[in-house]
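Chains here go by letter, A, B, C and D, matching the order in which they are written, and residues are numbered from 1 within each.
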């Protein structure tokens, strides 16, 4: 399913991840951070339990006006100041002073970033896992389907299509395993107060409640955690890009070894051209590349933003919100597209054999190692499933 | 005015440019391209004038469903196919066959990109011009205000604040002059048909109607025009970043030579901190940097997308839409913020003198060249106004 | 000719530009700046003419120890301090005090950057011009050679190879015209003294002597000039990348419409494979892409470095030296490779016709506009030559 | 010690890592790969043991002409073809046919890349560890030294300098722990033969001999391993950038809370200015930033290069050599500089107290959490040492 995320959303926002990083999702994540903070303060006996309950009950995104928060964000270079004000207005007078206790805007924004990342990684990892399963199925099915290997875009020596798919599989498996590690170990709560000096007890409770890691110290000026996420997302994108590039090349009519399949809705014939009825465009692969070509620049922006001044950066930190939103959404879309692409890929073994026979080295035997390598990749894939990331 | 462009729009979407690159604006620009094409075809006697009139009349964004177009865009890796279908459905049966005559999706999307860029450059150039005027006023007013010059973040030798402002001024003037050249000379219509081989007569007429340049040949695979725009936007952003970085440094309490002024709305005190009442955060400069730190990566993406396959790229082209949208919006926001920042900058000449006196080289005379250089910058600024870009 | 620029120099440092940005060339350019400064100071009667002559005579790179200067550069975060010391030691005692008069390290390093850029642009523009001529010859020769146009890597409708080459031509011509503008208008001397407040008379004389532009004010903190160069180089690289990508795709054996020709040295058969005798790898196109894929990231670094603090940046400025060196060398190499590629491209018109006939739309007529568009591109190319950039 | 790596080597090539990625080091690593391959083939009884011994003995970099290999690399878009030819010429006729058996150029270049990365990570991790120890010592020594915390470059509330240093420490520890994981788990041999289909037995033996990981399948088209390295290097660079940025800001004379110490060689006074005797420039911090500002763009290039065609990319792969060389050298230099910076940082606790007293919130108590957080960071650091990465 494509989210209704605008004119280009069909390409850039496929799958379920984009909705997890929408403005609404960001707002809810900020409110979740406020609610968890209130509960943690109550557990630490810093505020009354009733106040915490009331605050937590008020932390529902639909009660707040995103446009107004966005506008007022111009007064503080963050929307959180306005959000805290609105949240205070949304609770009874006695509870008001207990809202946002001891916290700073960055605590809420950073914890929200970690939350939306964690939530977006749900569908991303699910789609990446399904894509890996589909690649494994292709590797298995075509373990012995010969094709010509190509280097520097020139025909080289025979391989099998199973070996090609096994390469995709190992890339997908390694990238998603790493991304799962990052989700489980690096996405940490931020609850250090105005200058990062708050005692860690509250942060620990918030972390437990939100399912995020509890950091050794607040990381408001040490942006390694989001940067690590960015690197892992960018690496997955690179694997997806490789697969998509291969599909566009193999789908050339002059090669014709694979084609994108899978559209079952005659009202929406995938890849048709209004001008040229014969064409069947590789829209899945093209959409993957439309997303993945945008992410290396975003990762660079994320890394450059690590150069943060003192206890809170003046500009670098504030550049992260849009950067990570786009990075998560685009990676999510590319992953959803790749799953769909691989689950529906039509492989033309006959054409592969014909192309191989016509190649200068068509008589060369299939390397003996190809099958063994496919088996290794499949074995590693099964082992990963037995002990999932 | 801040557009209602979401939770972070107060920071990332200030000024009028963001609205010119919204989904709605993109859609209208696509429709403008279709309308101009219809009129051009009528002028070339390829379609009846009445059909062209009917088509043009139907080309109003409010008649179309952006969410539906976005969803259907997944079937073609572009929303234009669905748009053409919807536009055909919006006209009478006789006019239907005359919609989109001889064109391809890329003609519409590329021409729309050039249109939204042209439109967004309106407020960007206006705000950049006003920012330059403000910098000129600062240079004039502080032509002889001494301050300590600083290199490698260390106090060095005396300059004047007028000289600093003159540097900002020359950067703003050169960057906006170049951007105006790009707007007037590089933003060209695309109307080459499915493979870029359409005779240029229709394109010439469309260009005249839309106020865009008429290219020598279609440029669907030669992405120099958008890339040139990207470079000029990125260069302006760099100038804005320099100004903003200076302001954040000069606004440190330990330096205290400038501060952001200008908020007249007591309901929205700019830069206040909920946790620390004494603080006056440089939210304008921070917001500028939040935008400008995001653009170098976008320019890199734009340049990398020039590696386009054959007559239409498979992935690179489709990566441009989001990239240019963000680049234009962020540049627009940074420019609007800079205008506001410079128009309201509070300069503390007394503090500058005190800091200078306390500096190791405080006794050094102001270099004789400082005033002359300020005058040169002001003269060049006036000359640019006399012959505006 | 390939420079002896190391193990990967055959790919990354082809042509004559790389030598213009070597350490030796940087050093000579720094010395040229010192010599021009001495002469300008003499002309302004700030130092004796004899001292200027002696200083200028000492400004020969072979007299200095690059390794020692590099080592000592660690003490100052620039090698210029050590260079000035060494230059003082190289002249007679009376001349010593007249070395580097009123200048700062950045004056020398920035002016040297502009000089090496100017010098490297010589061969870059020459090679780009020759590449454009070769593209024009291809467009002319194949004005009516039909081939199948391809979009999204799928066969679409007929074009001519001349039209494809005409697209390359217009990209090359526009990119080099812009680069020539940048060379002639943007590469300016820097001679502002320690904090950029030096009166402009000396700078004007230095500019005249070195053939660089005379800036309105010193630009040590306003990095628009180098950033503009970076953008123009990156844009040329994008055009080169497009051409190279096309060649790799057209050279696939399954397509076989072009191949790289031109090696006349049987001792160095271009593109041969040790493992696969039948292969003829497109090494020129691959080498172009090896270079051009490295430049978008460099342009991003150059743009990000514009965020400079006060009168001299702490880090951003010092990041430029390596960045621009690489950007100029890689662009030079890619341009030299492209010239060679286009001057020797073997075009197989018969195969183009055969592929076209086999395409689904092979029966479609060649669009009437193709020839007209080729003629327009050739006409514009000739006009550019008549009034060269 | 600074390597003699050219005019800017004092800034960009400090420490021991740069020498590990020099052309000479690359060449030796390629030869090490050939030697290991020969021994592995002998162990697998594919070639005679005597031939393997002879080949291995010939694999000494000093025997080969780097300039000639570089020049000839232009014929193959890789220097390895020429190297294999030269290696064959360097052994006796009977051994000749056993050189490079079953391998392809990419096997040698990729394995060499992994080797130089592994070798460069030695000094990088050592320097990062020493930098972390120095940060720990600062955190310990200044556990209770009060200073004003600063957010958005404005004075905010009190912290301790120990807390600031504890933040640096946790960043350094996490980044180097990850980099050690990457070294030990991701840097894998490549020995897949011309199209990646070679049976894995030889690769396993080569891996064991070279101390690299044994991959599940060859990764010539799946560039996740180098990309993961790039991400981890870029993340470390971001931590170093943060530390250096803090130092430049704290070293401003208006703040004066820290200064760079440590030069003991009066012949090379660190940070002195020829023009301004009073200045003490933060050359270490500036040099770190000169390096780290260059790396985000390199990481983006590395990630973009993952979009590889088929069994060997045409351009993307070849763009990696220069990219990773620069990334490793710059990270190495920044790490060496940071170690030196932190080991010699002069902290002025009196000035910190004075600045704090003068701040608007100077009367606020030090947050109780600060000390606890420092202790947590130190405890984690000691635990990491007890179980080193």
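By our rule, a residue touches a chain if its C-beta (ideal position, glycine included) is under 8 Å from a C-beta of that chain, and two chains touch if they have at least 3 such contacts.
This one's a predicted model, so the numbers in the text were calculated from it and none came from an experiment.
S.K.: Please identify the chain with the largest separation between its CA centroid and the CA centroid of chain A.
M.R.: Measuring from the centre of chain A, the most distant chain centre belongs to C.
S.K.: Could you tell me which pair, B-C or A-C, is linked by more C-beta pairs in contact?
M.R.: Higher C-beta contact count between the two pairs: B-C.
S.K.: Taking the mean of the CA coordinates per chain, how far is chain A from chain C in Å?
M.R.: Centres of chain A and chain C (C-alpha means) sit 37 Å apart.
S.K.: Nearest whole angstrom, what separates the Cα centre of chain B from the Cα centre of chain C?
M.R.: 27
S.K.: If you look at chain B, which of its residues touch at least two other chains?
M.R.: Within chain B, the residues that touch at least two other chains are 77, 104, 150-153, 156-157, 194, 244-245, 248-249, 273, 275-276, 281-282, 286, 289, 292-293, 296-297, 299-301, 304-305, 314.
S.K.: Quick check on the complex: what are the chain D residues that touch chain A?
M.R.: 77, 104, 106, 149-153, 156-160, 163-164, 166-168, 170-171, 174-175, 178, 193-200, 215-219, 221-224, 227-228, 230-232, 234-235, 237-239, 241-242, 244-246, 249, 289, 292-293, 295-297, 299-301, 303-314, 366-370, 372-374, 376-377, 380
S.K.: For chain C, which residues count as touching chain A in their complex?
M.R.: 150-157, 248-249, 251-255, 273, 275-276, 278-282, 286, 296-297, 300, 304, 355, 359-361
S.K.: Spell out the part of chain C that touches chain D in their complex, as residue ranges.
M.R.: 2, 4-12, 14, 23, 26-27, 66-67, 69-79, 81, 84-85, 100, 104-105, 194, 244-245, 248, 263, 268-276, 281-283, 285-294, 296-301, 304-305, 314-316, 318-319, 321-323, 326
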